[in-house]
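Everything on this sheet refers to the single structure shown next.
Letters A, B, C and D name the chains as they come in the text, with residue numbers starting at 1 for each one.
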Amino acid sequence: MIRCGVIGATGYAGSILVTLLVGHPEVEPVYLASHSHVGKRYSEIYPSMVGHCDLPLKEEDLEEASTFCDVIFLALPHTLASKKVTASILDRTVVIDLGADYRLHDVDVYETWYQCEHGSGDLIGRAVYGLCELHREAIRGANLIANPGCYPTCSILTLAPLLGEGLVDPSSIIIDSASGVTGAGRSEKTANLFSEINESYKAYGVTNHRHTVEIEQELSIVNGSPLLVQFTPHLVPMNRGILSTCYATLKEGVTEKEVAEAYETWYRDEGFIRLTGPDLPETRYVHSTNTVAIGWKVDPRTRRVVALGAIDNLVKGAGGQAVQNMNIRFGLDEATGLAKWIANPL
Amino acid sequence: MIRCGVIGATGYAGSILVTLLVGHPEVEPVYLASHSHVGKRYSEIYPSMVGHCDLPLKEEDLEEASTFCDVIFLALPHTLASKKVTASILDRTVVIDLGADYRLHDVDVYETWYQCEHGSGDLIGRAVYGLCELHREAIRGANLIANPGCYPTCSILTLAPLLGEGLVDPSSIIIDSASGVTGAGRSEKTANLFSEINESYKAYGVTNHRHTVEIEQELSIVNGSPLLVQFTPHLVPMNRGILSTCYATLKEGVTEKEVAEAYETWYRDEGFIRLTGPDLPETRYVHSTNTVAIGWKVDPRTRRVVALGAIDNLVKGAGGQAVQNMNIRFGLDEATGLAKWIANPL
Amino acid sequence: MIRCGVIGATGYAGSILVTLLVGHPEVEPVYLASHSHVGKRYSEIYPSMVGHCDLPLKEEDLEEASTFCDVIFLALPHTLASKKVTASILDRTVVIDLGADYRLHDVDVYETWYQCEHGSGDLIGRAVYGLCELHREAIRGANLIANPGCYPTCSILTLAPLLGEGLVDPSSIIIDSASGVTGAGRSEKTANLFSEINESYKAYGVTNHRHTVEIEQELSIVNGSPLLVQFTPHLVPMNRGILSTCYATLKEGVTEKEVAEAYETWYRDEGFIRLTGPDLPETRYVHSTNTVAIGWKVDPRTRRVVALGAIDNLVKGAGGQAVQNMNIRFGLDEATGLAKWIANPL
Amino acid sequence: MIRCGVIGATGYAGSILVTLLVGHPEVEPVYLASHSHVGKRYSEIYPSMVGHCDLPLKEEDLEEASTFCDVIFLALPHTLASKKVTASILDRTVVIDLGADYRLHDVDVYETWYQCEHGSGDLIGRAVYGLCELHREAIRGANLIANPGCYPTCSILTLAPLLGEGLVDPSSIIIDSASGVTGAGRSEKTANLFSEINESYKAYGVTNHRHTVEIEQELSIVNGSPLLVQFTPHLVPMNRGILSTCYATLKEGVTEKEVAEAYETWYRDEGFIRLTGPDLPETRYVHSTNTVAIGWKVDPRTRRVVALGAIDNLVKGAGGQAVQNMNIRFGLDEATGLAKWIANPL
C-alpha cells in the first residue's frame, strides 16, 4: 500500500482528495493536516466519513510527513507550498501540489501575475505540469508534480487538438468559462455566502485572471510558438462543474471533418476523455467523475469553431487529477479509484 | 451473474437503479424497458452512460422478460404494476416493485387512498414489504417484494425504535417531511418546471398524502396495535434528499437515556443506519448513499422527543433499497454495489 | 417628511429596510450607520442603489442620531441594542428595534435563553411588541417598538385565531418552520457559504431556538394562560421566505367551519393578511411583499388542524413590518411604501 | 386611462407584463387572453394577484380585442402573431408584439432561421424594432412595435457604442451570453424540469440560435455595413437574468479612454442604462428592474475590449421594455410604471 498524506485536507479540493484516497484500493492515507482544525478528527469536520476516515488532523509539517509518506498532496493557498517544499523533501518523497506554485515554468511570470515572491524558484525546474493527457511520460519520473488549475485543465484539453494540428489561427482564441462555487474554496468571505451567489450570474477576473498565463504556457507549447488567449471566468449558482466555451477562427480551407479527426487522433485512446461531437456537453454529465467531455461545432458563416469542454472542477479539476497523477507516477492503472463514465446526472 | 431487467428504466428512480445495477459486480442488466423511448439506446437518454450502458430500450413486456431474467424491477406509475404481475410470472422470477401497488396489505385501503382499482389483489398476500431493516427474513423468501416509498422508508425507520420499545404515546405522532424535487418524478408538469420550484418552499398532500397509510401500516405493526399519524410532506428546491422531522410525546418517566438505548438496540448492527444522536443529520451527508442518518433530541420542557431521519430519496428511498432487497433475496452481501458512509457532501 | 435613521444598514434586514425607506413617499433617510463600512457610501455596498441612496455610512451613534431623527431603526446583533438605548433617547425620538432585545417582557427569560446580560432591563416596560395586527393600538403610543422575529411573526399570526377562539388544545401546538438563507444574516461563517447550503436541507436549534419563547409569550397572551410550544426551524436553499406548518389538536366538537370563521373574524379587515383556505400558501407568492398568506386544513382522522403561514422573512419578517410599525406610530396609512398583494412569483 | 389587452397573458413574459400593467398608473388592463386557461380568472393562475387582477381569461381574439383596446400586447410563440395581425387591426389600435414575427426586416431571413412561413410579410414594413434607446423616434409613430428578444436587447445595447463610434473591428465580435430559466418559457418540456437544470450549466443553440440574426440586423445598422456575429447562449440554474459577455478587437490606436467616452456619449442621458465601467455588472443588481447595466475592460495584452451587459430577461428583456415602448408610443414619461435603479439584490 502506498502511504499518502494530505496537507490542507479540509478545504473543498482537499476533502474530495481525501474521499478519493479513502476509496482507493492501493493507497492508505496516513497523515492529514489542516491548520484550522488541528486536533480534531477528520470525521468531525465531514460527518459522512465517520467510520471511514477518523484520522486526527495534524499541524501542517511537510518535512516531518515526508519521512514516512510515499506521496504527499498539498492543497494550500498559493505561495505557501513554495515555502514548504525543499530539495531534500523531493529526494525522499513525491509531492503533488494542487496549488499554483509550480505550474508556471517562468518564475517571473509567476511573481508578476500572483503579485508575490516565490519561495523556492530553484525547484521549478524539477516540477512537471501534471496535465496527465499531455505530459504522461514526464509525470512518470517526477517527484514534484504541479496539478493543473481547474479552468486550465478544461480549456487546454479542449483546445489542444485544434492548435496541435494547426487548424486554427493562434491569435484568435477566446475562452469563456463558467464554474460552480466550490471553485472559490471554503474561505469565509461575504462574496461566497449563499445569498450573494444564489439567483445571480457574474464574470470575475476579466482580462487578468491568473489561470490565463497557465493556459497560455501550455497552449504555446502545443502550438509550437507563443500565443495569447482571452480568458473570462464566470460564477454559476451551483456547487460543482466547469464549462469552457472556446472560440477559434479556422485557418483557410480547414474542414469540419479535419476538426473531428483532430479530436479523434488526440483522444481516441484516452480513458478520461469523452468526445461528444455536436451533442454538446453539460456539466451534470461529468459530475463526480474524472472525465472531460468535449464537443464542438463549426460555424460555416463565421469560419469559427466553437469547442466546449466540461469537467467536474473538484475531480478532474483538482482531487481526481491529483489521484490520476499519483497513479501514473506509481505505475498503477491510471483509472484506479476514479469514476470514469458513470454518473447519474441528478 | 444474476440477470436483471428494469421496466420503467428512464424515470428518475429507474435511472438511479440502472446506474447501480451497471456498477454492481454480481449482476448483469439484460433487459431495459421504457415505453416512451422504445428503440433508443439507454445511453441516448443518459449520455454519461455511453460505453457503460448501451442496451436498447424495449417495449414494457413483463411476461416476456420473466422468461429470461432472474429478477425484474418495476419502476412504474401506480396501478400499472398491478396489471402486469401474475402468479405464473412470480413462479419463475423475482419481482421487485418500486411502486405502491403491493405495499399495502389491505386492498381496500389501497383502493380508497389511491382512488383506483387494484389489478391483482390476490397477489398482495405473496408480497413482502421490502423495508430491509425491519423485514429482512421475510424478504429472503419472497418472489414479490414491494419496495417502500421514500417518505415511509425515512419516517418508519426514524420512529420504529421509539414505538417498538414503548417509549412514546402512539397517538401523538407527527411527521413533518421535506423532499428534493426528483421525488416528483420526471413527468412533464408545469408544477415541476425549474422556475416554479426554485426560490420557493411549499407543503403538498396535507392530511391526505398516500404515504400516510403506508407509514401507519408499518408503525402499527411495530407498535403492536393500530395507530394514526399526521404526515405532511414539503417540496425543497434541491434535487435529492429527504429529511423527516418526527415528533412524539414521551410516556411518563421515560428518560433521554432510554431513547438513545432504543436506537442503539435496534440499529447498532445495521450497516446502512448511522446514528448521530444530538448532531442532527443534514440531507447532504447521505447524498448518493444508501444510508439512513438518524438523530434526536429530547425536549425536557414539552416532554417530546424530536427525531430526525435523512435519506437520499433516490437511493435508500428508491433504487438503492431495491438493490439492497435484491442482495438479501439472492443471498449476496447486503451492501454489494451500494455506497454506505462515504459521500463527499458537495 | 419624517427624518429617519438606520443603524446596521448594510446587513440583510437593514438593506431591505433602507430600500423600503428610500421608496417611501413620506420619509427621508438622513442617517445610515454600519460599523463595518464607515466612510463608504451606501451605494458602494449595494451598487443597484447608485443615484438613489448615496448617503455616507456613519459610525453607529444612537445618541447623536436621536438629536436629529424622528425615528431610528436598529438592525443589530442581540444585546447591542440594549446597551445603546437610554430613557432620554426614547424621550426625544422613536426607536424601532429589529433585534431581540426588547421583545420579551421578562428580562430573566431573555437572559436565560440568550445567555447574556440585558443592557437596559428597566426600559423593557416601555417597549411594545410590534406585531402590528395584534398590538396596533399600543404601537400608536410607543417610543420603543420591538419588531418581532421572522419565525414568530409568521407562527403567531397563523395560530392566534385558533387559540384566541378557544378551538384547540393549547398543549398540543407544534410549529415546524423553514426559512430561506437570508434569515441567517450576512455574517461570514462557513456554515453560510453557498456550497454548504445548496442542495441540502437541515433542522437547527431543535428544542432550544430563541424564537420559541417569543412565540410562547405572545400565544400565551392570546390564549389567556401560559402555554408551551414545540418549535423547529429548518434551512432551505433559497434566499427568501418562511413557511410555518403548525399543528394543533381540535377541542372536542370543533368543526371545520368554526376554524374558517375564526380566521375570517380575526383577519377579514387586515390589509396584509391573505387567507387562502385549503389552497395552501407557497413562499414565492409573498416574495417581496409585506403579506402573510395563511391556509389550513382540518384532518378528520386525527382531529388536528394543520395551519400554514407564509411570509417574506426580510419584509413582513423584518424591514417591512418595521416600516408598518413606523406607519402606525406616525399616523400614516399603514400600507404606505409597502407591497401588499402584487408580486410576480418568479 | 389607456385601455390595454394582453394575448398570451399567463406565460412568463405575459405574466410579468400583466403585473407591470396592473401597477401602471396610466393604463387599465381590460382584456386578458390565454388559450390554455380560458374561463378562469387571472388570479386563479397567479394567486398572489387575488384582489388585484381578477379579470377572466378570454379566448385569444385579436380582431375583437382591437375594437375596444388602445394597445394590445402579444406574448405568443413565433408565427402565431403573424397570422393574427392585419392591416385593419393596425389601423385602429397599437400592437406591441413580444414575439419574433416582426423583428426582422427581411422576411426571407425570418423564414430561413425560423423554418416556417411568415403569415403577414406585407406588414413587416409597418413594424418598428422596439429597442427603445436606439429607435425612440420611430416608435413614437408606430402602430406595430416588435419588442426585441431578450439576448438581442442586452447584446445590442452593450456593443452599439463600440461599433457606432468605429472603435472595433466589426468582424471580430463574439457574444457569449447566459440566461436564467424563465427565458425558456413556461412550456412543459422534460428539459425544463427542475432536476434537469439545477446543478448544471450548458450551452444551447450554438452557431444557430435565432437571436443571432436579430443582433446582426441591428448591429449592422449601427455599424453602417453588414456584419456577422458569433453568438452562444447558455442556461444558468436561476430564474431570471441575462449577462452578455461581448468580445471585440480594438482598431489600431484606439484607447481605453475612447471606449469609456463612447459609452458616455451614447448613454449618459438614458434613464434605464447604468454604466458601471470596470465594476462589472451582476445579474442580481438589475433583478426586477428595467435597467441595463453595462461595464467593460480593455485588455492591453490582446487589444480586445470585453464589454458586459446585464438585464432582467423578463423586464427589460420582455415585459418591461414592452411597457417602455407603450410609454413612448403614447407620450407618457418613459419610466412610468417601471423600476429603474432600485432593487434589493436578494
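By our rule, a contact is a pair of C-beta atoms (placed from the backbone, for glycine too) under 8 Å apart; a residue touches a chain by one contact, two chains touch by 3 or more.
On a predicted model such as this, the values are computed, not experimentally measured, just so you know.
Chemist: Any idea whether B-C or A-B has more C-beta pairs in contact?
Modeler: Ranking B-C and A-B by C-beta contacts puts B-C first.
Chemist: Quick one: which chain's Cα centre is the longest way from chain D's?
Modeler: B
Chemist: Suppose each chain is reduced to the average of its Cα coordinates; what separation in Å results between chain A and chain C?
Modeler: 46
Chemist: Nearest whole angstrom, what separates the Cα centre of chain B from the Cα centre of chain C?
Modeler: Going by mean C-alpha positions, chain B sits 39 Å from chain C.
Chemist: Measuring from the mean C-alpha position of chain A to the mean C-alpha position of chain B, what distance in angstrom results?
Modeler: Roughly 37 Å, centre to centre.
Chemist: Indicate the residues of chain C shared as contacts by at least two other chains.
Modeler: Counting only residues that touch two or more other chains, chain C contributes 12, 180, 182, 195, 198-199, 237-240, 345-346.
Chemist: Mind pulling up the chain A residues that touch chain D in the complex?
Modeler: 174, 176, 178, 180, 195, 198-204, 206-207, 228-230, 232, 234, 236-241, 243, 245, 247, 280-284, 287, 297-299, 301-302, 304, 306, 308, 345-346
Chemist: Once bound in the complex, which stretches of chain A touch chain B?
Modeler: It comes out as residues 12, 15-16, 19, 22-23, 46-52, 182, 198-199, 239-240, 274, 276, 279, 285-286, 288-289, 314, 341-346.
Chemist: Considering only the defined contacts, which chain D positions touch chain B in the complex?
Modeler: 12, 180-182, 186, 188-190, 192-199, 237-239
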